[in-house]
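Below are structures written as structure tokens.
In what follows, subunit A forms one complex with subunit B and a second complex with subunit C.
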Partner chain A sequence: MSSELLRYVLRRVIQLVLVIFVAVSVNFLIPRLLPGDPVATSLARLQTAGGGTAIDIEAISRTYSERYGLDQPLFTQYLNYWADLLRLDLGVSFANFPEQVTTMILRALPWSVGLLGAATLFSFVVGSWLGARLAWPGAGRVIRTVVPGMMVLAAVPFYLLAIILVYIFAVELRWFPPAGGVQTTTIMRFDWPTIRDILHHAVLPFAAISLGNIGFWALGMRSQTVSVLGEDYITFAEAKGLSPHRVFFWYGIRNAFLPQITALALSLGAVVSGAILVEVIFNYPGLGTLLYTAIRGQDYYVIQGVVLVLIVTLAVMLFIVDLIYPLLDPRIRR
Partner chain B sequence: MMADAVLSVEDLIVQYDTASGPARAVDRVSFTLGQGERLGLIGESGSGKTTMGTALMRLTRAPGRIVGGRVMLGGTDIMALSQRDLRAVRLRDIAMIPQGAMSSLNPVLRIRVQIEDAIHAHEGRLPKPEMAARIATLLTRVGLDPVVADRFPHELSGGMKQRTVMAIATALSPKVIVADEPTSALDVVVQRQVMQTLGRLQSGLGAAVVLIGHDMGLIAQFADTVGVMYAGRLVEIGPVAQMIAAPRHPYTRLLIDSLPGIDAKRRLTGIPGLPPRLTDMPPGCAFAPRCPLATASCTASIPALQTVASGHRAACHLYPGLPALPPLTAKAAP
Partner chain C sequence: MTDTAAATRASRRRASRVDITLVLGLTMLGVIVLISILGPLLSDQSLANVGAVRPRRPPGPEFWLGTDAQGRDMFTLMLHATPNTLKMGLIAGVIGVGFGTVVGLISGHFGGWIDSVISIISDALMTVPAIAILVILAGNIAEMTTMIMALVVASLSWMFTARTVRAQVLTVKERGYVEVARVNGMAPLEILFIEVMPNVAPYILASFVGTVSAAILATIGLEALGLGAQNEMTLGNTIYWAQQSSAVLRGFWWWWGPPIVVIAVIFVGLFLTSVGFDRFANPRLGRE
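Here is the complex of A and B:
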């Protein structure tokens, strides 16, 4: 049994390493397959912006190419890329020269992880619970009214919901700030006013992501629970004289929950990409806004860096889900 | 009513509310069960056997509804119990071996937990060694190795799962066991072993058994008394030998005649026609449209169960006019 489990874990680790390897390679290749020279492009843009100053474009271009190693053969560049990556060096931003991409990402990451992690986890847990309650006999009137409404919200894209929320709660009612992660005047410290300010700013983006998601998870959980309800082991559990609480959690939810976890793994990508737009709308200082600004400014290294972080995060999340799954479903342990 | 009846069912009515009107799956069924008696209930698919089995423990689920009748277990009316008292009665006084015994075990819990659950619900927490010893005894009693306790259901064979379910059902030495086609998914060899185990358990515990099934051969071997159900009604009930040798209801006769024999290769004889739809019952006797002996009175009123011999009752208008069932000639095709 335990050697079987060990083999399972080992296989997932190898899988994770492979996924990250492929992701890094593709992330390296794609920008280089694009036509055009990023150095020349950005210099040309600089030149147009700066007016007709006579500078030796060729010389500067060569210096930069040398500096970024773009004059080397592709394979050497690839090896260098890996070497840099292992030193956590993702290059330098063009737009905010000479700021390191790693620094920018590390600054944005906590915001995104905090917002997305909390919103996803919250909506997953609450949505699943509501869906299960809705399907179980004896659901209260509140659940039977609220949850179907949530399911309707699930059909509305995150960013539309975000715009509606901003209009109602920030523009009309002025309960919450319309944008930003924190008041510009707040000095970031680990104290209550700072935390309160952060939470106050997070409410609307959090709601934009959660509202739709809760309905989504409730929908999935309801149909799973309905099918589990028809299983013989539920009837038998009742015939054993177990309390409704015990039957609901350990025989009902415990089984209905399994496909939800698979769905969570599958939908993480969609959650992340959907949340990017929400961050942009709220001008939230997270990865989404960083990526959006970088794309608009053609800031290649930043784009590459953020995409890499997103892919690796996803791969690690899937890895974690894979590790949790056999603990919940003994039939998967091989 | 017998003086020592452990279970007596009076005019039990279970109804399914369907789009095309109420369907009475169990229609005024009454019978009594003495201590240690083995009652076999037989009928075609859809005759209401399983519905009745679940109604005996008040496990009927929507859209099913128990609309009338009483189920007296010893001195208590199951229909009048509060939910809490009902749970206490389940398993302790009346236990069920459900139809899909193969799927009656929760796939994500170890067998040990599923047995413990049952005992906890009725006796509270027991000291660990005591519980372990109890579980080992229960498993040994049904012919299983005690190590099975630490397995998950998917690691067991069909026969082992069936035995496990029987071990759980008999964990608290119930007075009545409702076994709903306990062997339906097993091959004949395992079927025989399981039936022998059930018989041994039954005589060991002195419990009364309601064995529900469609296999006349199996039921005849096991039961003392046989009841025949047709379209939700109990049409005949009597001692097994008498029922086989001299059935009084034409339906029982045809059912016995349609049993395939293994030595004499003969054409399989079925019963012409189909059972009536429960939402569209014929007036009078439900079997009249298919009965070769049907007369005008059969479509006029529903025959009541009447005693035709000692301990033998049948619901047919032929009695008391006739001393026994006349030979059946196939009804001419209309």
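Here is the complex of A and C:
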């Protein structure tokens, strides 16, 4: 490993640590800086929502304050917060007392990662491919009509596409289930019926996220490819008599694809934001639905926990993308 | 001769295609803006209050877009929700771009450690899923209003502008006329606002479209999660209520259809306009 590469990796490690540090601190500070006591606010809202049952908010809030050390100085609280985090203790759910927030998140995480990971990878690869084909001379009529249509579709927030998909394919045609990650009666086992059921439920959310993203990647790849097309090395490769296939893959796509990876890193946050709402529409048992239920139930520690996990997961994924990047671009590796 | 004629024809055809995208985009936005301005004037807002009309009516001659579960006329609701959503997006966009411009100017012009700190913060914020931070912010505000909503969204929509402005300032700074101004004894702040700023302005304008569009997206997303100003009539809230009353499963398509159509028209309009402008300003992109 050259010293330059080492410096690059080191800088990325520092950035990763910084993002996590800031995320945790912001997560800790915002509720404490804003006027009002979050626990009391949550409970008050819960009370209004629950039809005004007479609960002694003061007493409950005081109990919480003592139990979680909210009456101690800010800095002590901050240190305690870090200590809890390092023990993976994100607090206890109000709504599902006494369930641990960590347990709830770990239960939801595989669903989100599976759905979002598959859909993002699929739309990234397919979208980039279509965008490159569209920009390359001699694109077929199908590509020239379908791909721009996908680009327009990508402008619409994809959770809205999700609503339309549910209506057409789950309510009207009844081809796919309208909600959930798996049939409620299915016993989770590692066998074909269970897997088929999970896949059957995943089709519509997968389609919604993909439909909303393919056009976005195609758009980026198209403009990258257009600028690559003007480069001398393409002309040279053609003049050398290389097959159009080889020029397309090894001279066109390979160069146009690199900025796409940077774009992927930068837009993962937006994809996750949209996917949260897709999960809500489908009542999919992932982090998005967990967050939504927590917001509706004013389940304070769950909201905080999910948000933290989202930020940290994303930061780690970005870190990985950035580490892979030099492997793909020989100019940086050297 | 024929070659030139063919080239002229080709370029005219290209020009007309550019126009179609741009014109279509601007028309869509124009229709939305027209509805936003005229709608509230020409309709009776009381029809969009809870319980004003019979609930759950399908679209018909009396209620053009039917009525929702809470007894509100969907058509009137749309006429009032559209301007509210646009207003929030515009306010958030103006604040976000304004703040981003100032930060970008400072960062690019002064450089040094200020620049490093600002760059690190804005880079970090750009990669964080905005909705996560917005949820924490919005969830901790006891009473949500449209204005606070715009502020919350603006707090995370300045980074792109800041980056663009910073990059532009860095290139403009080295130009001859800035050098001349410096030699003539102009104060750094004067140079910044009189010499540098006007040259960065087109980029600020360009990032404004993107920021407004992102801000509208964020507000609708937060509202759809139930974190908006619940008593206001907005497009995101309409979707939230449709979702709350299981409109999709119960087949009440007119509860979610109209807001989706309006939102789609807004975003497709913004998209086509920006693509059209890009081709207009940068003809190289237009070639197929």
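Throughout what follows, the second predicted complex is superposed on the first by the 302 of 334 C-alpha atoms of A that agree within 3 Å, B and C clash if a C-alpha of one lies under 4 Å from a C-alpha of the other, contacts with A are read in each partner's own complex, and residues count from 1 in each chain.
The definition used in the following text is that contacts are C-beta pairs under 8 Å (C-beta built on N, C-alpha and C of every residue); 3 or more make two chains touch, one makes a residue touch a chain.
A quick note: this is a predicted structure, and the numbers were derived from the prediction, not measured.
Chemist: Considering only touches as defined above, state whether A:254 meets subunit B (first), subunit C (second), both or neither.
Modeler: After superposition on chain A, A:254 lies in contact with subunit B alone.
Chemist: Could you let me know whether more residues of subunit A are touched by subunit B or by subunit C?
Modeler: After superposition, C is the partner touching more of subunit A.
Chemist: Of the partners subunit B and subunit C, which touch A:325 in the superposed model: first, second, both, neither?
Modeler: neither
Chemist: Report for A:82: first if it touches subunit B alone, second if subunit C alone, otherwise both or neither.
Modeler: Touch status of A:82: no partner.
Chemist: Using the touch definition from the top, say if A:307 reaches subunit B (first), subunit C (second), both or neither.
Modeler: Once the two structures are laid over each other on A, A:307 reaches subunit C alone.
Chemist: Based on the superposed arrangement, let me know which partner A:30 touches: subunit B (first), subunit C (second), both, or neither?
Modeler: second
Chemist: Regarding the shared-chain residue A:155, is it in contact with subunit B (first), subunit C (second), both, or neither?
Modeler: Only subunit C; A:155 stays clear of subunit B.
Chemist: For the complex, give me every residue of subunit C touching subunit A.
Modeler: The contact residues of subunit C facing subunit A are 120, 123-124, 126-133, 135-137, 139-142, 217-218, 220-221, 224-227, 239, 243, 248-249, 251, 253, 256, 260, 263-264, 267-268, 270-272, 284-285, 287-288.
Chemist: In their complex, what parts of subunit B are in touch with subunit A?
Modeler: It is residues 54, 57, 59, 61-62, 83, 87-92, 95-96, 98-101, 103-109, 117-118, 121-122, 152, 154, 165, 168-169 of subunit B that touch subunit A.
Chemist: State the interface residues of subunit A toward subunit C in the complex, per the touch definition above.
Modeler: 15, 18-19, 22-23, 26-27, 30-31, 34-36, 38, 41, 135, 144, 151-152, 155-157, 159-160, 163-164, 166-167, 171, 178-179, 223, 226, 230, 265-266, 268-270, 272-274, 276-277, 280-281, 291-292, 295-296, 303-304, 306-307, 310-311, 314-315, 318
Chemist: In the complex of these two chains, what residues of subunit A are touching subunit B?
Modeler: 137, 231-233, 235-244, 246, 250-251, 254-255, 258, 328-331
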